[in-house]
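Look at the two complexes coming up: chain A is in both, with chain B in one and chain C in the other.
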Partner chain A sequence: MNEAHHEQVPYLTLSGVAKSFGGHMALHPVQLRIARGEFHALIGENGAGKSTLINLITGVYPSDAGTISVNGEAHSSLTPGQANKLGIYAVHQELSLCSHLTIAQNIFLGREWTGPFGRLRKKAMRTRAAELMREVELGHLDPETPVHLLTLAQQQMIEFIKAVDQNPALLVLDEATSALDPTQVDIMFGILRKLKEEGMAVIFISHRLQELFDLCDRMTVLKDGQWVATDDIGRFNHSNLIELMTGRQFTDLFPAKPDIDSVMRRPEVLVVDGLKSDKVQEASFVLHEGEILGIGGLQGQGQEEILKALFGAAPVTGGKITWQGRTYRARNTRQAMEQDIAYIPADRKTESLLLPHSIRFNTSLVSLNRISNRWGTVKSREENGIVERSMERLQVKAQNQEQPVGALSGGNQQKVAMNKCLEREPRLLLLNEPTRGIDVGTKKQIYELLRAQAERGVSIIMVSSDALELIGMCDRVLVIYEHQVNGELMGEQLTERNLVRASVIKQGG
Partner chain B sequence: MMGTDKSASPARRLPLSFSPTVVAFAVLLLVWVITAVSIDGFATKASLIQTLQTAAFLGIIAAGQTIVVMMAGIDLSVSSTVTLSSVAASSVMAHSGMGPYAGIAAGLGIGAAVGLVNALGIAYLKLPPLIMTIATISLITGFMLIATNGTPPSGMSPVLNQLANNDWFFGLPNVVFIWLVVSVFTYWFLHLSKFGRQTIALGTNEKASVLSGVHTAKLQMIGYSLCGLFAGLSGILQLGYMGSTYLTLGEPYQLLSIAAVVLGGTSILGGRGNYLGTIAGTLLIIILKNVLTVIDISSAGREFVMGLLILVILFAYARERKIR
Partner chain C sequence: MFRVLRLPRHHRELVPLYVFFAVLLIVNLALDPQMFTFARISTLSVQFMPLILVAMAQTAVMLTGGIDLSVGAVLSLMVSISAVTMQDSPGGIALSIVATILCGAATGLFTGLGVTYGRLPAIIVTLATSYLWHGVALLVLPVPGGHVAPTFTGWVTSVAVVPAGVILVVIPLLFWKFFKNTRPGVSLYATGNNAHAAYVNGIRTNRARITAYVLAGVFTAVAGVGLSGQIGSGDPNIGSPYTLNSVAASILGGISFLGGQGQMKGTVIGAIIVGSLMNILFFAGISPFYQYVVQGLILVVAIGLKTIAQGRKGGQA
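What follows is the complex of A and B.
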């Protein structure tokens, strides 16, 4: 009966929508139909195109091609305002509440109820807010509470009821349950099921596979920006899903790896025992001398925070770290650097490089103490030396040292960002997305450089959202799921399938 | 996300051939030539020396302001620091029998201390520089009113007088020579030393600087202390120049010191500029002031025209260019 209903009234039809960014196809043309009252799961690895797809549906990006039909009316693409008018609302993992406003103010933000002369009907809004809050068992909170005093889970719930109160015809939930505990997830699902009877449709993205199976009717699998499969959820199970999500073309960019047994026999230089930090619940692992250790998993599971905690750029709230045989805890980035640890951030434009300044300025910034005399004067001959040497190391393509890095290509910028850190000859290199947004040729150079560094005894930890990169480059990979280490893969076990499995399925639980 | 090489597109090239510092000197030269042609007696040696001497008091303050602005900060409290140091110096010389050197030390020390307090509020209490330095103004103004009952004691010494008015080197007034020394130091600090590199880095992008191991709090303490120290130096030199002080002595320097920095081509957002430009900016302001005095209009009108001229010049060449 449900099935027939689907066929009659497709609420949303995507035909051939696609999106590319600067020549890279983030999403190849996709067909998708969602009926009234249908709950549709969307699944795929990092970079598979899930976010791009929902951003097209919610009007965040204009579509490059095809049509988006809502209620039978075709649009070439939507704007966020249009999407809202058509009843499409979204709740994202990154919360969009205004933290200094109250719960009630947030729920009614931009659609405040007003009386004569534009007077705000505060009391009525408070009453409605309290009503909504009771539905998600937050009745014990005062609607006048500023949002920043709430827990992350409570904020996520508020964001949910805010969207629900606008009577969406299609609600997009992008990891909207990530901060919730099982009871709260049940409450949310209860409300969703009630609204399903009224015809509301849902597109649901969640890293917890079980939630998808519990809630949804149908599922679409994406891989590498391409549609792979859409079917009733009953046709999928864990193993065929992993099969469908994986199997990307493996490119031959990676230098040869050493024998894993010999790597594991080398001395342990870094021992992390029960590390706790922002978004890191508990991480324990060891790193051998000259080993390249990868950290993978779906985005936002706390991978970056592990690196930042080691580098003194995020607070360490628990656990013990031993670095080169001594207890180690960096209170700030300078202490980490003094201990021969370097961190190369993911966003080179805002976290690493000073775009208006020259290659020379950027490269020598972290080595100033070494190239200045005791009064602090920078010795330009020595500065020249290190800048020239470093530009050669990774063959930075630039007119000269004085060229501002903002004028370089992404690949060359990343080379400058790496050079600047390598110049200090670190013993531990922490890399966050080392090849994001750069061309294949530069990627290859960076991979070769990293392997060469490892062969010289530098230990490396790299976080990457690209499973193939982790498999191709790393001796061993830790997979993080829900802020904890969920698996350790090496040797024969280090396959895309195992990596994806550990990214989406809780092990041993 | 993006896998392409964008270096080829000319739109991404940054306009760096354009140097605001050079433009600042060009404007200065132009204004000087126009003035020299149109006003009799302006292009004489005596007039030139007079101009430099007046400029020195502002120039010394503006040097410190350049350091602070370069790190994306601002120090509005230079005005009250100038006054406070002159009052402190004259009080010490009037009351305690400790002589001129104690007075000078008190003026300089208090200047640096005010700067340090500013830095502590900005670095550790995370107060925005604008708010912190305005708060400092209130504190100092209130304190001076209570301590002096509105009339600062008139302590002076011949040493201070000579320091400000004589010419011991090359026929240059001492204050001009002191300005020169301050300038050499500031140029070294900002453009030749590691502190300057880090200052400019901090002013460009704080997050990237911290991740590059820049000790931002230490740098702010050095920068604001130098700014306070220079304001204090200017304060005691003005005391020596005039022989006494008053509680609104420093007021004009608050905005003029910032104007000198910006007219000199340093970005008010920090991270870009050159100290040499500030020297041009300082001279430009003083010449314009002198011209307005000669033209003989009311002091209110003078203020108005001064503001207008600064706006025109800023509009002509010192507008912010978005780089990111």
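What follows is the complex of A and C.
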């Protein structure tokens, strides 16, 4: 094989790879070529298919169709082990370190150096680990430190040098810089550029647009699980990128919104001033009576934590909250509920419903006080009333009240989860991803129900990773970027473009 | 400031345990001035040996995040097998020991396969096998009896510079020290700490779990051989109290219920602590019934202190 020919064969070629989950096309057939030494940026909104694409490349999911060619050799799909053998390694957003093993043990996990009788060459591995750590300026740490004592950024760096030490031909970095400060990002990029000269290719996903432009040669844009564009990075700029990422089909699911000016004139029921918690740097906002406020942004920027802090499910470390004219701080969820606040979590299966139990049991669980007599036993006639009324309200499709919730469809489960919260007649409703994994018909019912609640004066805050849902449902949307409020959109300003822009570009900086 | 802070981390973690152990030794010595004579050390080492070994077995399993409720029953079975098979000749003794150890490994393999490929929770599988092995022990030796080779019994109970009890503990301990520093050893810790991460890094987590149960079976078998030598016969019911005592010793020794954390030397000290409580209460002239009360209180306090210490560090799983 001559050198020139070698150059022409791309390292990785995807032709027509696709993936669906339970009938939903997460990724439509995609073509992609990545040359040796090419740094390729991957960009798109939440749910655009970025993660699905890299999970196909790294073998986490098998591909439904098409071929993955590595070094000219075609595979219909890969397993993680095969991907590693072919030189494909990944640093995932969720770290895969063993927290109580040492730094050195983690760096060599699964590929330990051994000597006679299978004895580990601990000293040699420690020395190599220390060498690698010096390269990323972690030389001050002892390789024998258990990784749970490190900061998140340090752990991310360890994960990075562990991948790099395996001499990858293609390194997939999925938000691998999310916890790093600018100096650390520079160090990482320096190492990557050195390895580029040796022919290593990179696929890079980052919510920080500037990092993509700083590092990469080419870029691919995905939207709604479909390929949109691939080109040299110089052809892209902030504005045409936003153009390419947005413009999704708008559906007619949403009830009419009230006039935004009249909403803003209503009394302020919730005032949040400088809220701080574990994953919220500083959030200040107000909420009006009967307003639906959306919280958006790319996933994992701290949206969910704002809801949890308000509901007393996560400790608040600073700031002041005023709820219905009084200073409010919930030390636990029960206190929040007593103040007429309800929270409907994203994962109804683990955080909200008791799946093996009946609809009846699940629905009445949070209202037991109201339907018990003074001896503490449940008055079954009143329980019946509550459960029947609530099943009617959202048209829960079930055989009867006694059917286990686990046997219902996802949409009907979510209806039960919402019903049980509404039964307490909350004044503030906190929703996290209210329509995730739900069919369109049920979505429409839920949207109508939420608007009806708002019209009755219930104030609503909803976190959603679906931009269209935020735009269609909310009176006003806060966009979170890196744990801070990065933009507030309402009225004419509330467009998909503005939302995406505020999700990926730091405002005023 | 404190020299003690310069200790390697694996000792530093155990400092509270060392201190507690030292206090206990001093109390013991005050009550029993003969404690450091050869005769007493020989007796005590043989007396502590079974619990130390069974606790080591429990620890191997707990490090993978599991628990083995069958160690007591397996111990009974091993004692019974040893008592039934041991002939009084050098070849007979060796053959019996090898056979018992192989049986121990087989019990571990059985449990390990149930937990991994059977996808059953360890607590259920080992609860079931605890009845199973106890039943088999009764079939092997329906009533206490059998005959352990007098040569072997003599060796186990003799007074020596290096007592038999110490030898029986040190050999498995050295083996563990070696094992821990091999790939299977690291795999065992990694699997217990974070099975998903271990798997993603190419570790065969099922194999690591099975290895732990097999090791537990072997350690328990060694305990069974030693115990049969100590009592000179077999007893199909002798193992029962060892199950919970082995869990207690492991926890005292700093082994986490969540898996992946803790060291074997901690367990050994934990087992000696549990064993010496009986001794101290005996010499202090307190009713042995108080042993259970004291043991329970110490466990609660030990775990409580550990939880508080972890909470302060911002305890992370």
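Everything below uses one rule, namely that the second predicted complex is superposed on the first by the 502 of 509 C-alpha atoms of A that agree within 3 Å, B and C clash if a C-alpha of one lies under 4 Å from a C-alpha of the other, contacts with A are read in each partner's own complex, and residues count from 1 in each chain.
Heads up, the rule we're going with is that a residue touches a chain if its C-beta (ideal position, glycine included) is under 8 Å from a C-beta of that chain, and two chains touch if they have at least 3 such contacts.
Model, not experiment: these values are computed from the prediction.
After superposition on chain A, the partners chain B and chain C are seen to clash.
Looking at the shared chain after the overlay, A:440 reaches chain B, while chain C stays out of its contact range.
Once the two complexes are overlaid on the shared chain, A:74 sits clear of chain B and of chain C alike.
By the touch criterion defined above, A:98 lies against chain C but remains apart from chain B after alignment on the C-alpha atoms of chain A. When the shared chain is aligned, chain C comes close enough to touch A:118, but chain B does not.
With both structures placed on the common chain, the touch criterion links A:148 to chain C but leaves chain B unconnected.
Of the two partner chains placed around the shared chain by superposition, neither chain B nor chain C is touched by A:452. Between chain B and chain C, the partner in contact with more residues of chain A is B.
Contacts of chain A with chain B, set against its contacts with chain C after fitting on chain A, share not one residue.
Interface residues of chain A facing chain B in the complex, by the touch rule stated above, are 21-24, 26, 311, 313, 332-334, 337, 343, 345, 349-357, 361, 364-366, 368-369, 372, 375-378, 397, 404, 406-412, 420, 436-440.
Remark: chain B residues 1-7, 12-14, 16, 188, 192-195, 197-198, 200-201, 204-205, 207-215, 271-272, 323-324 touch chain A in the complex. By the touch criterion stated above, chain A contacts chain C in their complex at residues 80-81, 84, 95-101, 105, 109-112, 114, 117-120, 122, 144-145, 148.
On the side of chain C, the complex with chain A involves touching residues 9, 178, 181-186, 189-190, 193-194, 196-198, 200-203, 260-261, 316-317.
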